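Letters A, B, C and D mark the chains in the order given here, with residues in each chain numbered from 1 onward.
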Amino acid sequence: MTKGIKIVTIGGGSSYTPELVEGFIKRYESLPVSELWLVDIPEGEEKLNIVGGLAKRMIKEAGLPIKVHLTLNRREALKDADFVTTQFRVGLLEARAKDERIPLKYGVIGQETNGPGGLFKGLRTIPVILDIIRDMEELCPNAWLINFTNPAGMVTEAVLRYSNWRKVIGLCNVPVGMKMGIAAQLGVEPERVHIDFAGLNHMIYGLDIYLDGELYTDKYINLITSEDESSGTMQNIVDLKWEPEFIKALKAIPCPYHRYYYKTDEMFDEEMKAAETVGTRAEVVQKLEKELFELYQDESLTIKPPQLEKRGGAYYSDAACNLIDSIYNDRKDIQPVNTMNNGAIASIPNDSAVEINCVITKDGPKPIAIGDLPVATRGLVQQIKSFERVAAEAAVTGDYQTALLAMTINPLVPSDTIAKEILDEMLEAHKEHLPQFN
Amino acid sequence: MTKGIKIVTIGGGSSYTPELVEGFIKRYESLPVSELWLVDIPEGEEKLNIVGGLAKRMIKEAGLPIKVHLTLNRREALKDADFVTTQFRVGLLEARAKDERIPLKYGVIGQETNGPGGLFKGLRTIPVILDIIRDMEELCPNAWLINFTNPAGMVTEAVLRYSNWRKVIGLCNVPVGMKMGIAAQLGVEPERVHIDFAGLNHMIYGLDIYLDGELYTDKYINLITSEDESSGTMQNIVDLKWEPEFIKALKAIPCPYHRYYYKTDEMFDEEMKAAETVGTRAEVVQKLEKELFELYQDESLTIKPPQLEKRGGAYYSDAACNLIDSIYNDRKDIQPVNTMNNGAIASIPNDSAVEINCVITKDGPKPIAIGDLPVATRGLVQQIKSFERVAAEAAVTGDYQTALLAMTINPLVPSDTIAKEILDEMLEAHKEHLPQFN
Amino acid sequence: MTKGIKIVTIGGGSSYTPELVEGFIKRYESLPVSELWLVDIPEGEEKLNIVGGLAKRMIKEAGLPIKVHLTLNRREALKDADFVTTQFRVGLLEARAKDERIPLKYGVIGQETNGPGGLFKGLRTIPVILDIIRDMEELCPNAWLINFTNPAGMVTEAVLRYSNWRKVIGLCNVPVGMKMGIAAQLGVEPERVHIDFAGLNHMIYGLDIYLDGELYTDKYINLITSEDESSGTMQNIVDLKWEPEFIKALKAIPCPYHRYYYKTDEMFDEEMKAAETVGTRAEVVQKLEKELFELYQDESLTIKPPQLEKRGGAYYSDAACNLIDSIYNDRKDIQPVNTMNNGAIASIPNDSAVEINCVITKDGPKPIAIGDLPVATRGLVQQIKSFERVAAEAAVTGDYQTALLAMTINPLVPSDTIAKEILDEMLEAHKEHLPQFN
Amino acid sequence: MTKGIKIVTIGGGSSYTPELVEGFIKRYESLPVSELWLVDIPEGEEKLNIVGGLAKRMIKEAGLPIKVHLTLNRREALKDADFVTTQFRVGLLEARAKDERIPLKYGVIGQETNGPGGLFKGLRTIPVILDIIRDMEELCPNAWLINFTNPAGMVTEAVLRYSNWRKVIGLCNVPVGMKMGIAAQLGVEPERVHIDFAGLNHMIYGLDIYLDGELYTDKYINLITSEDESSGTMQNIVDLKWEPEFIKALKAIPCPYHRYYYKTDEMFDEEMKAAETVGTRAEVVQKLEKELFELYQDESLTIKPPQLEKRGGAYYSDAACNLIDSIYNDRKDIQPVNTMNNGAIASIPNDSAVEINCVITKDGPKPIAIGDLPVATRGLVQQIKSFERVAAEAAVTGDYQTALLAMTINPLVPSDTIAKEILDEMLEAHKEHLPQFN
């Protein structure tokens, strides 16, 4: 890597890319990126060019020797890469809108990561990821794959189980978002907050919170269960309050996505209301993206526009750049990522993916052993883990029965018959992107 | 035990008792019971006398030297017992009716074993069981406790976790019922059918079915997913059919109770319909029991009346007598019971209760190691295990927050807020039988 | 199997075969063997003919329609077999004599199963077993492989780890020998004794002993640590007494082979003394076998001659016939065999071979979960398990370093340098039978 | 801790103390120690005064406001302590000399940590440590106990198993010594070397070595197995070379103490030779200590004298000060310490002590999960773990049989009979310091 680092971003035309570029600019001194390849598919060429143009202007403004390449040729880009990040969306936001809307018709939350929608996002995404890995094995066998594409837990599970590639890390902005949100609620700098994270992607718990190294969990729980405070959430998840006694007994801080499981009825009502008014999240984001791309086209824009934060991916790229920086520099700092469990959580198989605090080294993330999750959280975590495993199998085999099994065991789906109805309609709606099922 | 076996049945006034008595009569040659003590509480004295009278007539008719004692003095009965069976119901069927009806008001199935109703049955039952154990430690330290009282899994978990008593076995008629039902569907003698059972109480799976020692699982699944056949159930659970592709992919035979989790919406509708017409199960049983006790009073009745089978507890006493017989005679045959896991199911902690095929020896049940449950079943099983553990803790501590946590993590309960509403109403409704919460 | 059972015995010219034949004759009613194929290699043809002749006379005498085939064509024999038993010895007793004598020169016990000798027996045997399995996959995919060939634990481990064949059971006469010996010491019928066996092959412990279903462990330990009693052993292992306080604290009954590890110095002295006088065990057995084969040639002999018992394999064939009978008849009785752990012993990986009490079904052995071995025994057991795994890897790969690693970590070998000296001399001495190392 | 940190050092009269004092002086800026209490017993008063005098002169020379207290009153010292370090030696070096010499008479290495000598050091030490903990529970319940007293693994195991105290860390200089030695062999600064450590105390392996973040394991193994290089050892262990092929196959770097197990015969010869010439290690150290204390008495000495390094405890105090500094400052850096396993090493029980790389936080060490140790190392590690557990039980109960069991299962002891002979002589020799056995 003496000649500078080569980064490849698959799905480079994403509206998130300017954040990633900003991250590399900020860290240039310790993380000397020499080449940034933004890769997309023909359908995304226009967005790629717009985003790529902004990326080039940002780097020029910063006065850095980072060369930006825009390409539709993935294999050319992957050659000798050091890090490959994936942030693509098979079927674009139109597919996500279907993931969200179709289940609602059957009285079920879509949830594009760990719900019925997430099953379909996984079915569309996993074959593409495994295809990228086959290219990487040939073209850049020493590179790290940093996957942001959701459902990040299911994708990591699929890579660990259905390929021999081990240099893969699933990345999510939920933990860093929780940390930032908690710091903001406490009115302190984020560096003063530490959270012991463990669980699965979008099913992660803060087992303990520390402020300046002192245990702060109970005080924080008191705060978020009090009258006037937010209970801690993200841009894209409504701020429903927890029952104080429940959250006190849980002895762990749920992540915003836990509302889908611990407040299923209320969340369904919110999703229905939104679907009937402002649109589902995908539809809201479609409008936001449209506005963003209009901004990005402005040739005078040479920085990441502040409007990007509303998009919901706050900290995503920051998390990615920090992770790449820690691997490159062997920093041995602690970051929560999706990686092989290796015994860190007792009730999850050693060879499954978990999302957990890791020491980040040049040799990858090393999970910190926690013993086990609190008893009360194990069931839900295991249910999502089973769902991820069966869904990954369905994605690889294209087997209808396995897909139905995954849908039925999802905790949001209330019966095998409803599961079948949703499955059948979604398989039809997405068939263009599910060649393995034909 | 040279002087014959002393059996103590707590809740001896139960309508099930004649079945138990019949079981002892049938097995007298290998299982020479010399004393049968039927114990009840003052509120049950009338029923105790009726059932006890029938028991005495049955034994007289059989010409056996079994002495039947009726008593309200539990400690007198326990002295030097060899086996203690428990089949009592704290709060009687009135309490069960509340367990079933109150959740329905909030759109939730009551389910008196693994649902919100089961939580309350556990909260009422566990302190009494632990109290019986304290007596047994003093009065009959070598006896076995055979618990039929539901929720049998939660009760066994509580005994393992909150006492030092290890000679406890939780017993359920679901596995034997499944075996009998399958044999009937196949038109063969039950002895020709073997099922590899594993899971938790009322959350048990038939991992494989054998007919005459040959694997028959796939054929049986084809049978129950075909048009005209029952999908296998019990007296008290409606026969809703499984989606064929789901059950084929599951690669295990669910028990009748699984309908509550894999067909939640449909089961809720059935329960509501019943509640509005014939009454909940408790209310149906109340009527059945009334009729049974009228029969039992008939001085000319000297056998178990056939009407008892409709009561829903078919095979319960048979299972109990078989278990006692195998322990007494060190038979080393295979029976599914609730016992300490000891590594038999990988994803359940070694020190938790599971319901699993065991070799029954004089030294108790030895679970047969299965490796692990099928991936797709682990989530739901873990969820019920977490529920059982948290519920047992709530029963012992009387802690409100812990009870709310148990209610919220139950897979039938859709939110922490609804959990709290149900909990509060049920705590009030049952307060007479929940001294630990006052 | 309606036409009767086809048994194939590889190494059919072994002196043990008459015992096996006797076993089949005794069990004919429940285990109707129609064909018995005795297979051997050209070097063993003479012995095959002698033993085969006796087998035919024995069956004729019994008046049973079992057809005995003698062949050097293994593939012909395997076609459509129901059970394949393996009892061959690559390199014959000459090789065993080297396994025993060479280590002695370096001050180390040879021990042909779990010692340096056992490593070489494994290196010679495992490739042949894997070759037999390849034939079975093609010619009799539904057959069971019952392996008596030592080292039975290492061979089972190798089959589980380096083939996809799962219908394999490793069988040893040590547990049945312990049971018979203990019954004899107690002066009772063997059926009245039950032992909870768990561990590894030739490293198995009786965790508890029961007489007529009552715990008898402490009384038995008192017996064998008293002045005048044997401490329980076998024909081929000298009867050195245990230190009473050690065996009392161990809380488990060691097997005769444990003397090699808990009495290493004394056993070395015994082996040296024997080597200098009567010869090593292999040399003693060579003489015994010579005498046996002279007997076997006697055309008037039509039963198993009583002299066979001195050979050391007492109960081996009985164990095998019982096992085959229980599989064939789906007996679900308890027998100690080598099979996949599946969680039965907590400190051994689930996918490793253990020797443990199993329920024997038509679908194979199901291990009974014990939780874990007593703390004090785990180290030695783990050491032999590590040795077996590394040795199996060396046998399959033919890698010199791996073989040296196996030799060095064997608990009988006192240093890496001595390990290398023994290894080098033995590799040279056995090179004819170790093609994978050339 | 706003008023500065209170450190209590039990065994403060040790010759190591000047190194500890130097460590606190060097780190004063980040680790502001305000009070250092050196505690000893009456027999050690003279040495305490000598060492204490030097400590005071060193601090005065450094111009720091650290107050040094010398006391024989342990309870007074412990009051409100922040960190308690233990470095005492029950029975002084005389006892260690017996630990080393007595086993040699029976042909067995004494090995004062994981050998027969270590058993006796544990029997003498563990009751005192548990006594200190009882004082700490009362007098300084928030303090950390940093134990340097050997056998550090067995002591940590005993604390975890026989007390409720969890703020305990066992510390050893072997890992840091390995790191320093490897850096020296490579001719690089220690900071450039990172080692993935895992195992048990004095049974720890370097699973991988990194130089500047790049994997360097194979190159290092090539180096130490080449002709001219040391194979990496410590002051007190002779530098015997490993067999190259063995160490290459092991796929891990053994620690210097592994020579006792992988080169038992050669190490015994070295120990015998030393015992007959220069004396055992204890006897050598006695002379070194005498010289050191003469130096320490020199009133003009105001720094740690360089002769201390020969004493063998190089880096011990450095390791201790680094550990205390990282806890105090919540540094989250990686250090190898003895702590509860918590799943970090799969084949060791979760609740046992291991020595492993941990992230050091204000809340203590968090072990980094490694999955499992290499197969070939698990047996020996498990054997020492079993030894530690049984020895800890013997130390707490004073039970003769349990002590014999521990002695017999030690991998250096060749038979139960020899174990008993050694045990009996050592129990007699040490009886003054083993009140629990009388």
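The definition used in the following text is that a contact is a pair of C-beta atoms (placed from the backbone, for glycine too) under 8 Å apart; a residue touches a chain by one contact, two chains touch by 3 or more.
Just so you know, these numbers come straight off a predicted model, no measurement behind them.
*Asks:* Give me the chains shared as neighbours by chain A and chain C.
*Replies:* Per touch definition, common to chain A and chain C: B, D.
*Asks:* As a test of understanding: of all chains, whose mean C-alpha position lies farthest from that of chain A?
*Replies:* Checked the centroid distances; the maximum from chain A is C.
*Asks:* Between chain A and chain B, tell me the centre distance in angstrom, where each centre is the average of that chain's C-alpha atoms.
*Replies:* 44
*Asks:* Per the centroid of Cα atoms for each chain, what is the distance between chain B and chain D, given in Å?
*Replies:* 54
*Asks:* Could you check chain C for residues that touch two or more other chains and list them?
*Replies:* Not one residue in chain C touches at least two other chains.
*Asks:* Looking only at which chains touch which, which shape fits best: line, ring, star, complete or other?
*Replies:* ring
*Asks:* Looking at the whole structure, which two-chain pairs count as touching?
*Replies:* Result of the pairwise touch check is A-B, A-D, B-C, C-D.
*Asks:* Across the complex, what residues on chain D touch chain C?
*Replies:* Going through chain D, the ones touching chain C are 107, 242-243, 245-250, 262-266, 347, 349, 375-387, 389-390, 399-402, 404-406, 408-409, 411, 414-420.
*Asks:* Using the touch definition up top, name the residues of chain D that touch chain A in the complex.
*Replies:* 194, 208, 210, 212-215, 329-330, 332-334, 341-346, 350, 359, 361-363, 366-372
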